[in-house]
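Got a structure here, written out as C-alpha cells. Questions coming.
To keep things simple, chains are lettered A, B, C, D, E, F and G as they appear, and every chain counts its residues starting from 1.
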Amino acid sequence: MIFIFYIFLFLSIFFAFFGNIGMLRFPDVYTRLQASSKCATTSLLSLFIGLMIFKGFSSISVRILVIGIFFLLTSPVASHAIGRSAYEGGILPWRRVRKKEDISEDR
Amino acid sequence: MERSQIVTMVSRKLVPFILLFGLYLISYGHLSPGGGFQGGVVLASGILLLFLSHGFTLVQRSFPERHLNLTELVMVLLFLLLGLAGLLLGKSFLSNILLLGEAGEIPSAGFILLLNMIIGLKVGAGITLICFYLFRS
Amino acid sequence: MSFYLIVAIFMVGIWGLIAKDNLIKKIIGLNILNSGIVLFFVYIGSFQGTTAPIMEKGIKDVVDPIPQALMLTAIVIGICLTALALALVLKLYQKYKTLSISQIEKMSKDE
Amino acid sequence: MLITKKKLFKPLQKKRKEKVKSVNVHSKWKIIRILLTASYLMLGWIFFTVNLAPFSLFLGLTLSFAVAFFTYDLFIEKEEAARRSLLPRIYLLILYPLVLLTKVYLASFKMIIPVISGQSNPRVVHFRTRLKSELARVVLANSITLTPGTLTLDLDNDHLIVHWLDAKTIHSHYAARLIKGHFESWLKRIWM
Amino acid sequence: MLEIILLIILVLAILSLQFKDLLSAIISLAAFSFMLSLLFYYLHAPDVAIAEAAVGAGVTTILFVLVISRTKRRER
Amino acid sequence: MNNILILLIVLPLLSSFLVLLVSFISRSFPGKIFSLGGIALSLGLLFLIAPAIFSGGTFSYSVGGWKGPLGITLYMDGLAWLTSLIGTIIALLALIYSSGEKDYHPRFYFFFLLLLVGMQGVILTDDIFNMFVFFEILSISTYALVAYFQTGRAIRASFDYLLLSSLGAAFFLLGIGLIYQAGGVLSLEGIREVTIHLQKNSPSMFNLAVVCLVIGIGIKAAFIPLHTWLPNAHAYAPTPVSALLSAVMIKVSFLATWRIIDIFQAFSLQYLFIWLGAFTAFLAVIWALAQTDIKKILAYHSISQMGFIVASFGVASSLSLTASFFHIINHSLFKSLLFLSAGLVIYTTGIRDVSKLSGLGRKMPLGFFACLVGSLSISGIPPFNGFASKNLISLSLKNYPVAAFLILLASVGTVASFSKIMRIFVGSSAGDRIKKVPLSMTLPLLILCAFCLALGIFPSWGAGGISRLIVPGSFSLPGVYTFWQVAASILILAVGIVFYLLTLTSYGKRVFGYIRQMRLGLNNSLLLLIISLIFFVIFIQLF
Amino acid sequence: MSVFVIASFCFLVTSLLSLIRIIIGPTAQDRLVGLNLIVPQVVAIMVLMAINFNRTIYLDVALVYAILGFISIIAITKYLKGKKLHE
C-alpha cells in the first residue's frame, strides 16, 4: 500500500516540476498556460489519489476528496479565464512558422 | 464585452456551495478553524463571485442591496441585545444565556454558535456592501 | 534568521508607505506593514507547542492561542482601513484626476 | 363616475387573475427547484462536515434550505427546469470523472515530451459541438481544458475555440474528432 | 522551510511595490497573501490562515481591482 | 453598579446603529433623537456614579464573566471618570449645535456616536490590546467624519491623517507584541507588575517597546514632531466634529500616553516631554500667527495648548500634574467654545478668511460675546479659566526657566493671534447678508461660556477636585489671584497686542507669508515620524 | 524528517520556479499564469502538512484556499478583459 503511495507522490512531484519547467520554457501565454495548468492538475490529483489510498476510508480522505472535486471544478475555469482574457486582449498565439495569410485565420 | 459562458455557468453552480461552505465555517467555528469573521468573508466572496461573473443587476435580484443593508444593521442590534439580555438576567454583559451541551458536539456552545452566526451574517453583508459602494461611487 | 526576515518585511512596508509616490502603492505598503505585524505576533506565539490551539479529544501541547486571537482582530481592522483608504483614493482621483501624491499636493497649493 | 372606474379596472383585474394562475404553475416548479437545490446542498454539507450527529444534520438541513431559498434561481435556471437536466443518469455521472481521469493521466505523459524538447506546434482551431444542453457544453469545454494539450479559449453557444499545443490538423472536422474524443457521446448520454 | 517561505514573501512584497504596472503589483500582492497564509498554516495558526487567505487573497484583491478599474492602471 | 461601565460603551453603540436603522426604514422619522438620547443617558449614568467616585471608589468589570488575558476587562477611577464626563458633555453640546447648523445625513450621527464609543473605550479599558482596538474605532470614525464634506482638501486631510495614524498604530501594535513576548501579559496592571523585572532583564527591547507605544499613541496627541496631520484635519472637518476632535480626541490620546508612561515608569521620556511641550507651544503659535483661515488658526492653537499640557505633565510633581489635567479640562471647554463660535461665523457669512471679515460684532452680538469669552480664556486673562490653569502651569515650571520663558512667549503669541480673530467683530461692517441663527446653535455656546466663567472665578473647585481625584496624597494648592499674577497677565495682554500690531507692518506680513508657505508634504511627515521614533529610542537609551 | 515534510519541501522549491514567472512575465497574463500555478502547489503543501500533523481540521484551510484562489483570478481577468493591453 505504502509503495503505491510513494509512486503517486513521486509522480506528483515529477509533474509539478515539469509544469514549472514548461511554464518557464514555453514561448507565449497560451503554451505556458497549457503546461502549467495541466501539470498542476495532474500533480495535485495524483497526490490526492495517493493520499486517499494511503489513508483508506477515513474523515481525512473524505475531506481530500472534497478538495479534489472543488479543484477539478475550478482549475479549468481559471485557466480558461486567463486564456480568454489573453485572446480577447489581442495577444497573438505563437507559431513556429508564421505566414501573412495565417494571421487572419487565427483571429 | 460579453461574459464567458463557462465562467457564468460554473459560478452559478458553485456559488450555493460556497455560501454553504461559509455557513459551515461559521457554525463549526469553535470546533475547527474558522468562525464568524472568516465564514462571513467566505459568504461575501460567494456573493462577489456572482457579482463578477453575472454583473450587478443579477446580484441585485437575488441579494438586494436594501436587504443586505438591513441585515447588517439588524445583526448588530441583535448582537447588542443578546449582550444586554445577559445583563438583564443578572449576569454580566455577553454572558452565556443558553444551556451548555456536551463538549465536542456542535451545540456545546449554543450561545457562541448564535453569536458566530450573527457576526458572520453581518461581516458578509458588510463586505459585500463595501465592494458595491466602490463599484458604484 | 527568520526574525530578521520578518523585520525586513516590516521595513519593506514602511518603505512602501513613505517612499512611493503613487497612492495605491502607499496602500499596498500599508497592507504589507500590517501583514508584517501579524506575522510577528504569530511567530512569537508559535515558540511553544506543536499543534493548533483548537480543542479536540487527546490534544495537548498547543501553541499560545492569545496572539492568534489578537491578530484576527488586527486583520479585521486592517481590511476596514484598506477599504476606507481605497474609497478615499477613489474620491481623490475623481477630484484631482491623478494618483500621484506630489502632483496632488502641488495642485492643492495652487487652490 | 363609479361605473367608469369599474369599467376601467375590469380588464386589469382579469389580467391579474391570469397572472395568479401562471404564478401557481410557476410556484409549483419553484418548490421543486428549491427542494432539489436543497438536496444537492445537503449532500455537500455531509461531505463538508463528515459528521452524522443528528444536530449537525438538522443544522445542515436548515442552512441548506436557507441557501437554497436564495439561490435556487441561480442553481437551476427556469429554462433548465426540465426532467432530463434535473435528473441526469447518476451512474454515468459518477463514472464520467473516472474516464476523464484516465484520459488526463494518459495524455499528461505525452505533455512531458514538448516540455523537455521545447518542440511544439501550437494552433488555434474552431469547431462545433452537437450537444444541446448548456451544462453539458460547459462540462465538455472544461474536460477539453483538463485534457493536456488543449485549452478552451472561448465557448459561444455551440462554437468552441480551442488552443491546441500539438496540432496535427487545423481542419475543423478532424480536429473536432481528435479533441472531443469520446467525451461528447458520454455527455450526450448523461444530459442529452 | 520557514526561511524559504519568508524569503518568497519578502521578494513578493518588494515586487508588489516595484512594479510600474499596478495590476501586476496587485497580482503580486495576491501571491504575497497566499504565501503568508501558508506561513500562518505552518506556524499552527489555521484560524489566522483562513482569515488571511479569505481577506488578503479574495476581498482585498477585488477591492484593489475595483479601484484600479475606476482610476488608472499605470503608475504614471 | 459595575454594569454602568459596559453600558457607557454599549449605549452609544446601540444608539448609533439605531440612528442608521431608523433612518433606513423611514425617511421622515428624525433618527437623530436617538443620538441625543444615547448621549444624554450615558451622561446621566456618569452622574449616577459620581458620589462613589468622589469617595475614592474604583470600578472594574469583565465582559462575559471571562477574566484574564482573553476576556475584556474595564476599569474606572477618578481620572477616567472626569475625562469621560468632559467628553460626554462636549459631545452633547456639539450634537445640539449640529442639529441647528445643517441637515446632516444619518451617517454623520452614526460616526459621531462611534467616535464617542471609541473615546469611552480608550478611557475605560484595562487592557493594552483593547486600547488599540478602541483607538482604531476612534480613528476610523474620525477619518470618515473629517472627509464628510467630500471637498478635495477635506479628503486629502483625511487621507494624510489615515496614513500617518495607521503607521502610528502599526508601531503601537509592534510595541504590544514586544511587551507580550517579553512579559507575557497584556493587562495594564499586569504590565505594571512585570515592568521592573523587564527593565532589568532586557532594557533595550523594553525601551524600544515603550517608545513604540508612546509614538503610536502620541501621533494622535499631536505634540510637535507628530503634529503634521492636525491643522488640515481640524480645519476642514465639519464644525461640531472639529470641536469634538480638538476638545476630546487629542486629550484622550494624551491621557492614554500619560497612562502608558505611568505604567512603564519611563521617567527619562517624561523629562523629554518638558522640552517637547515648550517647543510645541512656542512653534505652533508662530505657525498660527501666519494663518488666515479662522479654523486653521484655532487648529494650530490646539497644538500650542497641547504643548502647555505636555510640558506641565513632564515636570511630574503633584502640582504640575494637577495643573496639566486642569488645563486639559479648561482647554476642552474653551477650545470647543471657540470652534463652535468660529463655525457660527462661517455659518452666518460663509467666509473663512479672517482678513476678509469685519464688523460682525453688531450683527451677531451673541457670537461676539462667546468668541470674546473664549479668546480671553485661551489668552489667560483674569476672570476666566485659562488664567487659572496657565498660572498653575507657570508655577510648576519654576525650576526650568528656559521652558518657562518659551511658554511665556507662547502666551504672548496667543494674545496676538486672538487679537487677529477679534478684529473681525469690530470696525465697519462689510457684508450685509447674514443668515439667522437658530437657538440650538447659540445655546451650547452660552453653556460653555458659563462653564468657562465658573471655573475661572472659582478655580479651587476645579483644581481642588482634580487634585483630590488624581493625586494620592493631599497638598495645598497655591492661590491663583495674587496681585503679581494678575499684573503679569495684563502685561502679557499689552505686549501681545503690541506684537499683533507689529505683525501688521509690511515686514511682518512678509515674514509670516513666508512661514505660511512652509508646509510639510505627506511623505516628509511620514519620514518625520520615523525620525522622531529613532530620536526617542536614542534618547531613552542614553538617559 | 518524515516523507511528507520532504515532499512539501519539494513542492516549495518548485513554487520558487513559478515565482520566477511572476517576476519576469512580460504581460499581466503571464504573471497570472504564475499565480495560477502557485495556488495548487500551496494546496498540495497544505494537504501534506495536514497529514503530517495528523489533524483533519487543517484541511479546511486548503479548501478555502482552493476556492479563493479561483475568485481572485476571475476578478483580475475580468478587469483585463475589458481593456486593450498597454504593453
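Everything below uses one rule, namely that a contact is a pair of C-beta atoms (placed from the backbone, for glycine too) under 8 Å apart; a residue touches a chain by one contact, two chains touch by 3 or more.
This one's a predicted model, so the numbers in the text were calculated from it and none came from an experiment.
Peer 1: Between subunit C and subunit G, which partner chains are common?
Peer 2: A chain counts here if it touches both subunit C and subunit G, which gives B, E.
Peer 1: If each step moves to a chain the current one touches, what is the fewest number of steps from subunit F to subunit G?
Peer 2: Each step joins two touching chains, and the minimum needed here is 2.
Peer 1: Please identify the chain with the largest separation between its CA centroid and the CA centroid of subunit B.
Peer 2: So the farthest one, by centre of C-alpha atoms, is F.
Peer 1: Of the pairs B-F and B-C, which shows more C-beta pairs in contact?
Peer 2: B-F
Peer 1: From the C-alpha centres, identify the chain that is farthest from subunit E.
Peer 2: F
Peer 1: How far is the middle of subunit C from the middle of subunit F, if each middle is the mean of its Cα atoms, in Å?
Peer 2: Each chain's C-alpha centroid was found; their separation is 28 Å.
Peer 1: Averaging over Cα atoms per chain, report the distance between subunit A and subunit D in Å.
Peer 2: Centres of subunit A and subunit D (C-alpha means) sit 22 Å apart.
Peer 1: Counting only Cα atoms for the centres, state how far subunit A is from subunit C in Å.
Peer 2: Distance between chain centres: 32 Å.
Peer 1: At least two partner chains per residue is the criterion; list those residues in subunit E.
Peer 2: 26, 46-47, 49-51, 54-55, 58-59, 62-63, 66-68, 70
Peer 1: Could you check subunit B for residues that touch two or more other chains and list them?
Peer 2: Residues 1, 4, 6-7, 10-11, 13, 21, 25, 31-35, 37-38, 42, 45, 48, 52, 127, 130, 134 of subunit B each touch two or more of the other chains.
Peer 1: For subunit D, which residues are shared contacts with two or more other chains?
Peer 2: 48, 50, 141-142, 152, 154, in rising order.
Peer 1: Every touching chain pair, please?
Peer 2: Applying the touch criterion to every chain pair yields A-B, A-D, A-G, B-C, B-D, B-E, B-F, B-G, C-E, C-F, C-G, E-G.
Peer 1: List the residues on subunit G that touch subunit C in their complex, please.
Peer 2: 53, 55, 57-58
Peer 1: Which stretch or stretches of subunit B touch subunit C in the complex?
Peer 2: 31-33, 35, 37, 103-104, 127, 130, 133-134, 137
Peer 1: Where on subunit E does subunit G make contact in their complex?
Peer 2: Touching subunit G from subunit E are residues 1, 4-5, 8, 11-12, 15, 21, 23-24, 26-28, 30-31, 34-35, 37-38, 41-42, 46, 49-50, 53-54, 57-58, 61-62, 65, 68-69, 73-74.
Peer 1: Report the residues of subunit B in contact with subunit D in the complex, numbered from low to high.
Peer 2: 4-6, 9-10, 12-13, 15-17, 19-21, 23-24, 27-28, 50, 61-63, 105-107
Peer 1: Over in the complex, which subunit C residues touch subunit E? Could you list them?
Peer 2: Going by the criterion above, the answer is residues 1-2, 5-6, 8-9, 12-13, 15-16, 20, 22, 24-25, 28-29, 31-32, 35, 38-39, 42-43, 45-46, 49-54, 62-63, 68, 71-72, 75, 78-79, 82-83, 86, 89-90, 93, 99-100.
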